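Shown below is the structure under consideration.
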């Protein structure tokens, strides 16, 4: 949000200025992160199985986020009568992108993991902008030490696809596998997989494995029938939550700019209300939002959706923390 | 709609012919307006705070409106079993655009006001195509004499944003302020502000001022919970209504072509049913539809939405009048 | 779906390979069709009254269908716990396109009819990819012999428009007339016309004629009020069904890529559930999907929708048949 | 150009106002054409063999032409030190579009011919905006009476394709045949076919027939080698010229918005200089410009090119006439 | 260019990282500019007379400039065998954007002038990214003190349009007037206006005034006939040069993304060679590049062109200075 | 081109039918290749350093190639008076795509190499459609056995970039390195690198290494100064030529749809004349065309260029062979 800038001499309209996330300060020195939230880009897309282009996701989300950066010193929501993200109480920094090495998945993933570890070491909430969903793999890997200190995490996934492929033609780190990789980590206690629908790279075997490994899988229609409260009740209480949002969990009508769209997805408030409820249910310790591919987002609605979801989720996370 | 042209020798398919609104007659002589409805463009967009381009809104809406101009001599709606806008009973003219002077907001606004005054003087219903939402300011200003003769107006706004900024860095006539300017007019009795949601250029202070000045503010979710009838009941009965439709009141899924999209908006029938109910509740004395920005409307759905809403709203207004 | 290819040496990701429908085998020899389903393109668009471009519909749907061609040997749906279209039990072929002769509607239609007759003669289910809706005329004409042998058909139409214009300026075979042409066929017992809304090329007279000729016309809102089961109950039981899907029956939010979009349409699951219910109600003997115009589908969502609907409908048709 | 409007009270910027050609007066009454130039649209595109969409060519050219409508009362060219199209000396009207009947090529062509005959009867220069190149067929047909009175015409064609197919599968009036149809007219003395290159729908036989029927065929490279003056010298002197400009004669770099682009085409000044020279060489009695397909013209450069060429060609035609 | 980063641990591919100009350091503190070059955005577009959108020019150029930011520590050009912009010798900073106040031209221009004055006061070369061409007015105004100290400037303009309108309807600060405003400044000794062609907002009177005020006006064709050296010789020697590049000076084939394209413009090397020659001829003391409108630049070529021209011009400027 | 189909009953217009290359037969069985030319897609793009998306290059080129597939039984060129690619003398097959494994560069490259080896083993000319330029690495590797039998190859590259990076951050097989990898092969005798210009991923060291390893590097401007014949003379005579065409060797005006455009490139005929001359100079034994990225090719001109270049190059190759 930035501080209230009107008295300091600048109107600072959304279309003005460098595109950092929410026009928050840019901190290129990863040893000097001093903030409540640190946003990092992970522009990696070699893990995609249909349309690529998610490498430009971080830049597109940053630019879209400037729409929400009016210099009010906070974001007033009249429905809740709350000013979220008060500039004097929640400090957000943008630390730029993890270094990506073309043709090299493991090295790129290692660089992403390094960045998340730096954020966690600084005591900030990591918010990682993908990139394809495979970037969740190093994000979860980076929690190893944090979980050793603070306890394990439960993953809440918003997605059209289960992403639970084990290995196929030797591929273990593509965007079809992150949830399986996560489930294998000792510091991950379970998964809530929401929005899953239609055919995908995960075959029947993957669903069976997910359930066997403790996943709770719900489709969009199942969630609509249950209602937000009942869905929240299925998520283990008292846990530390890591939230991974694949933008294709949303309906293609509002999120066309993604690699593998799947019709019949969530509308905006369905996800916001789930996330807002989760923020009240327990601490959110990490967030990633993946698969925004601006080449398929000619109108910008997908990037705006990503920015709007993140801004409002952050607002509710810190409001729950008392900010 | 035009008259039934099939017997007069032309098939006149939608893709054929000059793009006036609904292919209705073009009347460039503003002293010779002789019609029930006069459509005028107000291609002004210097009031925008993010994406510009609404200057081409009038042209895009006119072109889209040709889709609804089959030469039937009226628009048959099987759900209502009514032929709206019978060509022999409702006369619509397109009077072209107000003259816009680049770099000069006040002069451009004055020219818009001049056009609306001409329409009102001719006894026609003004329908103004924006342009950004600041063009509502001269539209409401133009009602001064009309209201002196016929009584004040109540404004019904469909919008994602409250547009109630007072003054900031000296700006009083941007697209963040029209509703505050309207509320200040002695001939405006009150405002119903529907669809308002999420962060915008109006801060908490603006909401408080709006409520203090008599606004009824409802979000999309609040309106869904209330239902159409309950919402209509909150609008003062027996008033003369002016309706201002910011296309971003609709959801970005159907209205991506606008400057500042906000997720979680209205779907088509929610607004149509509100407008249809309002047309039954009392006289509609003026309409503007703003913020269509065709550069972000690659598929044309936004302009089609604008044209479809206006055509159907006009049909219901004149059906309520007995046409 | 193709057979499970993982063991046969190829990963065969969706972005890899020639774009036949679902990457199924291409059979250019129409005397050698040996399959359960034969997909044919009908790239004809001279029948359109506003935006053309549906001639590239078949190519765009084929390309989009590759997204659903993961080499699993079937399409697992976790909501139903069914693997649809098992590769060893349902054989699909793509026979390419009917030959289209520019400027000549009758000759082009004759070529489409020829192709459908070939498919029916081979005992396969014809799935025709339009092209504009006028291509339904030769599709229905092609059922003459089949119906003489196997009994008449009832047509279920998903569409925004009634398409019931009789003749205007001599035009009888444009995209505004297919349902009237169908209703005239002795081997068509009736029509269920779903999703019809707003103004179109059919005037009041057409609606009256349709009802007189036995049509059941329901708007989107009427269908929502009735619910899926009540709607299905209005369709004659025990009939042989031919399904014609105009992509503009869907909402422009998910189907912008079409010639004459109409706001207020179906969302994805509304249609899927109708089609799934119909597949259980009786045999589906023919399918066409028309009016996908990729020039207005920059993000690809419309073509993806068409492919997703067809894939899932085929899955449910053959699951109902015991495959 | 319109008259100099600055003193009459309106600034009339290009983005303001109804899109007639050059914002010239709209004359829907074809019995009341009173002008030096009459511009008519011919939005027909069923004659195309690859990408359609030229039906929206007239609308796109009209809108682009507003860029050249600054209210100066004429178009000053500093290179020539001439003010072309002085508003008080050259009167241009836009008479709208010929009526097009979908699915019916002959009827549509007849309506185009009717419009051109009306223009010629009024003594105005016909400028026809296509539509695909087949619309040249009725344009040339319409000259029958005019040529009987005033003598025959020589056709100068700017095009990538020879368009000299005789008949194939019964097609005689598609966009691959107009020049052959023209060559068959008794009132056409010959053709100069410029810009012809690469593979097209005309096979070797067509080239041989063209040469046998008196065509002078030159490629872009041949014209560059010859130079403008030498090329002009090959055109019969003292003739009445009809100019048909297929926008694909230009290079795809500046004219991507067309159905069948062919690389290696003309750049802007090559054609302008040819046309300017031709205007000096003899009277231009008719002009058509075809194949602008705005769906492939996202940036608008193709429509701008069409408008710029026509505006400047008209300027030079009337300057040569002494206006 | 940034320093050679390969040894410092990051590959830093073009698609990675925050989009500052050339990925150079961001310096938001305008009192702490310590560099050879300071790049500032001026996202103002209320001065446009046709298509707006140049407000997003700075962001689009910054993003495109990352393509040229390989971490080599300099830009090697094999044709010249020179490594331009050696990172250890030329220090570039990006200072973000001037504050723009919607609806208020004078206030916005004042803010731009303030930024350029800050850059000049710091002794850095100002490079301003527009915005529409009216932003040149405050840029030139800002040189008042600098010129008082260091002598006057000569302006070299690359443009399709003369931009020499005096006043019309009260407008003096729109994008049609900057060169007239510049010519009026006592510290501007003359103008070289290159690329001027076709009809524009400047009428004959403007050309005459320009020549009277000392302008040298050359069209693209005139420059091609003269050759680079002869053109350079017409520019006063021994002067301090300010270069203003309107991207529409280039041909629409490579610069479609602009408000008022004009066919027949410069190709890339024509301008580069002029600029390279000018850099050798005398000191370049200021640069602006205007009218990049990314909404019309779907492929990104226009923004890439702007970045490529600026990068290479800067390289040649500092190479001429001995860096 | 396909055989002349007019007598065989189909008109087979370009927009009709499955998109194989030139609508030639599809041969999925790589052990049954029986043709003069075998076209294979290599949809790999993990090697890109800026914009990805070249994975859809093969599909887009195939679709564009249908424009050149009129059923004439050959491609008549009136400038040469030759019918190229006579259907009865040159047999072309499309063998589909190499299998790509996401996240795994080496495995994907191995699959490409396997396909080229199969083509060479069948005695056909391999034409490989990229994909990014790194796919040239396995293409050249595949020639090992062929060169052992038939002698080494000389590589002619059309490209904006030198692609001569050795190793950086461990990357050896990205799209910045193929020419260095080629130069290292014992069966490659040298390289002619044409069109090289501007800054790229290859630094000065790469140019020096290339020259040391025997490369002849020429920029576009240098080639224009030399002329086609002089350039051809610099290529070793009597060699077997492998041609690799990076579409970004062409100017962005005609090839915007690519990952890393560079202004100042070749126009169409410059390259065609070079390739035509090379085909006369010696045998062409392999071709790849890379870096077409359709997501940036909204108008399709880039894919059309690729198809047009390949079709015409193949025509000239086989004409030189006497076909």
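Letters A, B, C, D, E and F mark the chains in the order given here, with residues in each chain numbered from 1 onward.
Quick note on the criterion: a residue touches a chain if its C-beta (ideal position, glycine included) is under 8 Å from a C-beta of that chain, and two chains touch if they have at least 3 such contacts.
If you want to know which protein each chain is, UniProt gives these names: A, B, C, D, E, F = Agmatinase.
Predicted model only: the values in this text are computed from it and were never measured.
Colleague: In terms of C-beta pairs in contact, which of B-D and B-C ranks higher?
Modeller: B-C
Colleague: Going through A-C, C-F or A-F one by one, find the pair whose contacts repeat those of B-E for over half of the pairs by residue number.
Modeller: A-F
Colleague: Taking each chain's centre as the mean position of its Cα atoms, how many Å separate subunit E from subunit F?
Modeller: 38
Colleague: Counting in whole Å, what is the centre-to-centre distance of subunit C and subunit D, each centre being its mean C-alpha position?
Modeller: That pair's centroid distance is 40 Å.
Colleague: Indicate the whole-number Å distance between the mean C-alpha point of subunit C and the mean C-alpha point of subunit E.
Modeller: The answer is 55 Å.
Colleague: Counting only residues that touch at least 2 other chains, which ones in subunit A make the list?
Modeller: Within subunit A, residues 11, 13, 15, 49, 51, 55-56, 101-102, 169, 171, 251, 253-254, 296, 298 contact more than one other chain.
Colleague: Where do chains touch, given as pairs?
Modeller: According to the stated criterion, the contacting chain pairs are A-B, A-C, A-E, A-F, B-C, B-D, B-E, C-D, C-F, D-E, D-F, E-F.
Colleague: For the complex, which residues does subunit F have touching subunit E?
Modeller: Residue positions touching the partner: 49-51, 162, 168-169, 171, 196-204, 207, 217, 219, 221-222, 251-254, 256-257, 260-264, 296-298.
Colleague: Could you pull out which subunit C residues touch subunit A in their complex?
Modeller: Residues in contact with subunit A: 6, 11, 13-15, 66-68, 70, 72, 75-79, 83, 251, 253-254, 267-269, 272, 298-301, 304-305, 308, 311-312.
Colleague: For subunit B, which residues count as touching subunit D in their complex?
Modeller: 9-13, 15-20, 26, 41, 43, 55-56, 59, 62-63, 94, 96-102, 298
Colleague: Please name which positions on subunit F make contact with subunit A in the complex.
Modeller: Subunit F residues touching subunit A: 45-49, 51-53, 55-56, 101-105, 107, 134, 169-171, 173-175, 295-296.
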